[in-house]
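One structure follows; several queries about it will come next.
The chains carry the letters A, B, C and D, assigned in the order they are written, with residues numbered from 1 in each.
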Amino acid sequence: MTGSSLMVVVMRRIAVAIPLLLVISFGVFALVHIAPGDPVRSLLGARTSDPVTLAAIRARYHLDDPLLVQYGKWLSQVIRGDLGVSIQGNQAVTSIIAGRLGVTAFLSLMSTILVLGLGILLGAVAAFRHGTWLDRLVVAFGVFGVSAPTFVTGIFLLYVFGVMLHWFPIFGPGSGFLDRAWHLTLPAIALAISVMAIVVKITRAAMIEELSRDYVMFARARGLSSRRILFAYVLRNSLIPVITAAGLIVVGIVAGAIYVEVTFSLPGLGALTIDAILKRDIPMIQGTTLLFAAFVVLTNLLVDVIYALIDPRIRFCRVAS
Amino acid sequence: MNTAVGRTYREGPLLEVKGLTISHGAIPITTSVDIVLKRGETIAIVGESGSGKSLTARAIAGILPPGMSATGAVTLDGIPLMRVSESELRKIRGFRVSMLMQDPFTMLNPLMLAGDHIDEMLRHRPEFASRAARAEEVKRRLAEVGIVDEDVARRLPFQLSGGMCQRVALAAALARDPELLIADEPSTALDVTTQAEIIKLLRRVQRERHMGLILITHNLRLAFSTCQRIYVLYAGSILELGDAAAVESQPFHPYTLGLLLSEPPVDLRVPRLPAIRGSVPRAGDVASSCAFADRCDWVKEICRTGKPPLAAREASRFTACIRQHEIQGELDALRTAAVLAAPPITRPHGETAGALVRVDLLAKTFAAKRRRPIYAVKSVSLHVMPGESVGLVGESGSGKTTLGRCLVGLETPTAGKILVNGIAAEDFGAMTKVDRALVRRTIQMVFQDPYSTLNPRHSVGRALGEALQACAGATSAATPERIASLLEEVGLSPAYAMRRPATLSGGERQRVAIARALAVKPAILVCDEPVSALDVSVQAQVLNLFRRLQVERELSYLFISHDLAVVRQITERIYVLYLGEIVEEGPTERVIENPHHPYTRRLVESIPRSALPRPPCPGDIRT
Amino acid sequence: MTAPAIGEARRRNQPLRVPIVILVAVLIITAVTICAVLGERIAPDSPFVQRLGVGDTLPSPAHIAGTDLLGRDVLSRVIYGARTALVGPVVVAAGAFAIATLLGLLSGYLGGLVDSVITRWVDFMLALPAPLVAIVVVGVMGGGYWTAVLVLVVLFIAPDTRIVRSAVLEQRPRPYIDAARSLGISKRRILFVHILPNIAPIILAYAVLDFGFALVNLAGLSFLGLGVEPGTPDWGRMLFENRNILFSNPVALLLPAGMIILTAVSMNLIGDWLLERFAK
Amino acid sequence: MDKRLTRRRVMRNGLVLTAAVAVMGPLSMASPAEAGESIDSITLALPSIPERLFIPQAWSTQAGAILSLVQEGPLTFGDDLALQSALADRWERVDPTTLKYHLRSGVKFGDGSPLTADDIVATFKYHMSPGSQSLLAAFYNSVESVEATAPDEVSVKLKAPNVQFAFTPAHMAGFVFKKEQLADTKIGTAQALPLGTGPYKLVEFAPTERVVLEARDDYWGPKPVIKKITLKAIADRPARLLAMQQGEIDGAFDLAISDIEQWKKLENVDIKTAPSLGVYTLTLDHSMPPFDDIHVRRAVAYSVDRKGLVKALLKGYGEAATALNPPEMWSGVLPAEDLSAFYATLLDHNSFDLSKAKAELAQSSHPDGFDVTIPASNSDPYMIDIMQSVVENLKQIGIRASINPIDNNAWLAQYFQHEHLGMQIMAYYPDFPDAANYPYLFFSKDQATQGGMNGSNFRNDQVDASLKIANENPDRKKRADALKDVFKVADDDVAVVPIFWPDTAMAISSKYNFSGYTAFWYSVPWAIRGFGLK
């Protein structure tokens, strides 16, 4: 019963995610056509435009077919793992992306851990000390976090901890696990701050609400230990809004990674995207954008599933009615 | 009492509260409350909303909400509760004092299985170290509160009914066998029939365990029927205290009397409910006078010179009225007079021709997403004659509100017919504009929740003006005069036109809502629980207004209520609705006094009656 | 943690301190607005006049915040920069909420097909990584500042619609709406005279918060070189341009960065406060 | 950002140079480093490291900086920028259209295999084959055929006499690949690092991040002093400075001249500068209003504060341009003193004078000014700043100008589209020093067409005739006279508005000597050009 209803939830989410991915992929595909000027020009960059090359490009991208047919052919290539050839360096987009993925993945993972760990902790502390100076400090941090652009905090962190204090390296992604973690600490913090603000805000609000709930009051009235109340009642219940906001968090981290990589000159996917945009490397923009978008959509899907697993009200809804 | 072994009892009362003063920031909530409770004793703290009764209960358990603070002394079996640390308190809560709260649906953790709420209370005991042992104990504890279905323990709170939740909560509260249970309005959020069961259960458990019980309630009848002693709390201070029976039969404080009188009796229709004027003040506004002074008919200068202390008058009887000696006679007289019955309204029964509203085989089904549809109203036929006041009685989920909303076009029924003034009005969307306007001018509605029945952004005048203008065919504009006369009709001064809903009390808002409904000069009002959210004293005022309007305007009512006592005061005839169907219909007196249908009988029996026998029949008293 | 302690802390601080913070925030926004409106009269110098021979210099009495690479007065550029800092975000917040209010009212009140179409669309938009979409679209389309503003308007509509819709859904079942309906008051009047004023504080509060987000996002695009035209005094653009003169005149970087944070913090504070105070 | 991208991209668009070979450079050996010195390892920073190390697909300064240590052409540039022998120990012009290169013996690739004439032929043919899409194809446009006429001899047959082809075997277009490797489609990636005959071989390549090179023992030339060279990408300008300050790097190439003052403040760091031979210039479309009016062009020329820009953007490291060619480009054609005398005769409209600009505009057919939008590449370090200044000055005289910052590719693409040119800004760096290079590109009729560099659409028969002489006639005097004639006419007519000639700069720890830093450092094995311990 439980399993099958969970499956229903998952299937339903997948049913939503697939058309979403299709629409997004169409948008990404359409970039070539949206970009001002001739599509061939967009795919050619500033390469020689002799008739042979032009014909090769038109054939390679099926530019003489109807739009939907072009899309279909493009999509089938994409599904087979062919994202085209980048204008800069004339290399397969997939192999360039593969080379850059590591830094971005490491950076995102590191700041996700920071965001969730520290964000939830701070939110919880603020909620438990609601109304005190500590709470106000955390709230102030939250307001600062959503207000300060990632690149600004990034620049400041770089110059304070890298330049003035020499605590952290100031360029490069490092090699090997520890060295990389060391190199990516400042970027990860810069990335985490703005996103953490969201988590802090949500956790704090949810916790304050949980703490004032009748069932928490009732649990206290029954003399349950504060640990039991914290974990079995307050934390667990207030994590649900945090999990629902996970989509927001993922989007924040992905978008923030772009700015952070540019600020810290890290050779990741974000910097690659911006570089491709500045150089108008359309196949490359298509590739990275598609990857980012697919990642966000799939994470949202995963979040929905986790949510369904955690909140028994969804699991049991069949039984209920 | 299996775990009481080993406890050593001290002499003296179980609980002693002295000078308990609660405040929210600088705003006082209660002023110096004293309470004493002996072992195994049951007391009730009675008060209207805003009296501070719930917070008093929480202050005793030491779980005031954030922002509230308390001073004074709470001593449980010699332990000064307000001076011990939170970790010490944790060893007292649950083990010695436990608490039960009002809303059964919010009291249990929505993400935790029902059984786990009891299970978690047992884990500290070595004999219940194993899961299986605890499961067995959970089963036993649930059985104690009348739950034999073992499946309940494995369900989530949202899958249980309110009564079930309240039973689970009670079992959880009692799982560590406390000596004192504080029950804060444990039955208020429940249906009438369930209420009675829960109260019965509470009393049984209390007796069996010889446990102290503090019952917090706004319901005097419930307090008298359940508890040995009564504390009457008003605007943060105790006005009267005494044995339940004594207080009921001869109240020493004008407020207690007022409360007793304004509570509509179920067993007779009184000519007029003696309402207390005004509404409950805030504790801070009456800090240096008798809290009741402004609403009291016997007020003298002396009542305002200081806060009168609670003083003993008779053995175990206390009152805060300093003029009690002088006015006791008058109070007694009023108490006696209150049991006079008004003549029952008689009307030729069975006449249905020319009905103002006629409903035939009405059904309303709500399609729900991915769930079974909800059959709110199954098949209902009823009628209301011009000038007739008809009651529609039922518990939550009976479909009574849906039915009312169908009548005024807020819902479109799935099947069946509605005739209003001879016009087919089952689908407002399909009616002609003229017909729709005509129906709307015939039938209007008064809603339950006084706090959101008015648009908070519109002044009273604007709300009434809009209603006057909405009356299609109204040639004259909504002049201030017309607004003023509407206000006067519901007993409010014209100055109210300038006020915003936020500055009005619940009773005042409900009056404005009635005035708004009257603006189109309707022939019938559908009143959906119009007084259930009001304090007893204010409820009486509004009920009197309904009765006056009926006479003056020859209005018809379809009076929707769960409260038979209220219905008895207003209506001539009632329909009893149960699970979307009418199970009984007849003149009010007959249905209440001699119910035919088992459900109606259960409903009538559920009304709490005092432990004392009612004063003999009215005739006897007059002699 | 004992209850009285919390009570006292609240009593001492709550009524007094919060408004002061908000007051300061309002003052900051007022100051920024004055800069935006009266730029010419306040700025000590033209933000465009170059002193190529002087180049980038540290703060001096002649140039309180120093000069940039082309010898332009940094303070004047920051004062003029208030214009693009305010106009874009205001257009984004107002534009997005103008459309979102209409959609949200219709979706929340009418329900049915209209509602499901609008909510589907909102769900779709919310599943998109908005900042990334903004970067890519503005980068590929070109067109700078106003393209960015337009893209942000489009991206903000969806979350704003959701906010308005849920606010409407909260009002929808209230008896005063039922009363108006049973009095035969028109849908349009119910929507705009009854519901709208009641959800207006929520809209206002979120619009103020939108402003903050839009400011940060637009500055971000400028920082990536995708925003305003070069030469325009704009805080984000100044970060982009002056990053390389960090050592010769750090103020040229710190001042616009500080202004972005200060303005965004102020707006977020005001928004949060409005939300807590008037919208709950 | 990749500063020199501009020029690389430009060249690829095809210059069909149809002149005869000119001078035979004096053939001499590269100066050997002093013996006995040895440096274990140094780390240097570049603004970026390419995605791929394959010149035909990644033609940039950064790729050159790395691969010039690994690969060599038949010829190279000396410290005086003159041609020197490299893989070819001898070369000759058999007739005006035939060139012969005699290979040095005993030259080996990094994998130990010997260099053969076939490798050179394969390299040239790779660039010439349309299928390869080599970015350097244009350098071979004038080549009719190339073949190995002996095991150690390569003959190149030109379609027509061409003086400028002589330089092709010396710069990146001439870097020789091992024949077998050119067939590998993965060449240039970490899986297939390119082999070469140069003093170093690639041992590690992390695309866009880092390259590690190791000295070869079997190099034919002077023994490399540095054993191991690590090149790291540090894109952020301040970060590069800090890395230097903290000693994480021993030097940095390709400094932004604007930052030079900050670099000079560092202790124990030497800054090397050299004229880059590049030029920044405005082009004004002579074929369309408003720039068909000489007064408008003069007004624009008067509105450019060249000296100010040199001071603000180049901090003095560069020169305000009085003509298109930087003085160094004339080397071998016109002696320095003659050149300065000649440049002094050019008209005074290359000075900054807004009142004269206003007066010229008033005389023009657009006395009330006009609207113009100038596209500028957002990857160039100076272009947008230059335009901010120019636009502001133009506004002062009533010309409503605005900048359209676009990406480098779009900027170039629209420049070569050759439509609606109006006013353009162009930054151009040469690959070899020849005085005829710039004037041919910017002033000849051939280039005033789609794909051409003549963005001014400047057409003058006299100029074309003179350019033909300069391009085909190897005689120094005749070339000089012909080019002077070209510059005189172009200047009178304001064919272009030159802005400045920037220097190029690098930083090196003062522990080391580096005497061979020149404009073409990235085309020569820089690590063996005067590099050593102090």
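Criterion: contacts are C-beta pairs under 8 Å (C-beta built on N, C-alpha and C of every residue); 3 or more make two chains touch, one makes a residue touch a chain.
This is a predicted model, so every value here is computed, not measured.
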(message) If I average the CA coordinates per chain, which chain comes out farthest from chain A?
(response) B
(message) Looking only at C-beta pairs that count as contacts, which pair of chains has more of them, B-C or C-D?
(response) B-C
(message) Measuring centre to centre with CA averages, how many angstrom lie between chain C and chain D?
(response) 46
(request) Indicate the whole-number Å distance between the mean C-alpha point of chain B and the mean C-alpha point of chain D. (result) 91
(message) Can you compute the centre-to-centre distance for chain A and chain D, using the mean CA position of each chain? Integer Å is fine.
(response) 42
(request) Check each residue of chain D and list the ones that touch at least two other chains. (result) 378
(request) Going through chain B residue by residue, note those that touch at least 2 other chains and give them in order. (result) 63, 65-67, 86
(request) Could you list which residues of chain C touch at least two other chains? (result) 1, 6, 10, 14, 142, 225, 243, 246
(message) Touching residues of chain C toward chain D in the complex: what are they?
(response) 48-50, 52-55, 69-71, 142, 225, 229-231, 243-248
(message) Which stretch or stretches of chain D touch chain C in the complex?
(response) 237-238, 241, 256, 258-259, 261-262, 305, 307-309, 311-313, 315, 376, 378, 384-385, 387-389, 391-392, 402-406
(request) Can you check the complex and tell me which residues of chain C touch chain A? (result) 1, 6, 9-10, 13-14, 123-124, 126-132, 135-137, 139-142, 212-213, 216, 219-220, 223-226, 239, 243, 246, 253, 257, 260-261, 264-265, 267-269, 272
(request) Mind listing the chain D positions that touch chain A in their complex? (result) 9, 12-14, 50-52, 57-58, 130, 133, 135, 137, 189, 206-210, 232-236, 239-240, 242-243, 246, 248, 378-379, 407-410, 412-413, 416, 451
(request) Please give the residue numbers of chain B that touch chain A in the complex, ascending. (result) 58, 61, 63, 65-67, 86, 89-95, 97-103, 106-112, 120-121, 156, 158-159, 169, 172-173, 175-176, 368, 371-372
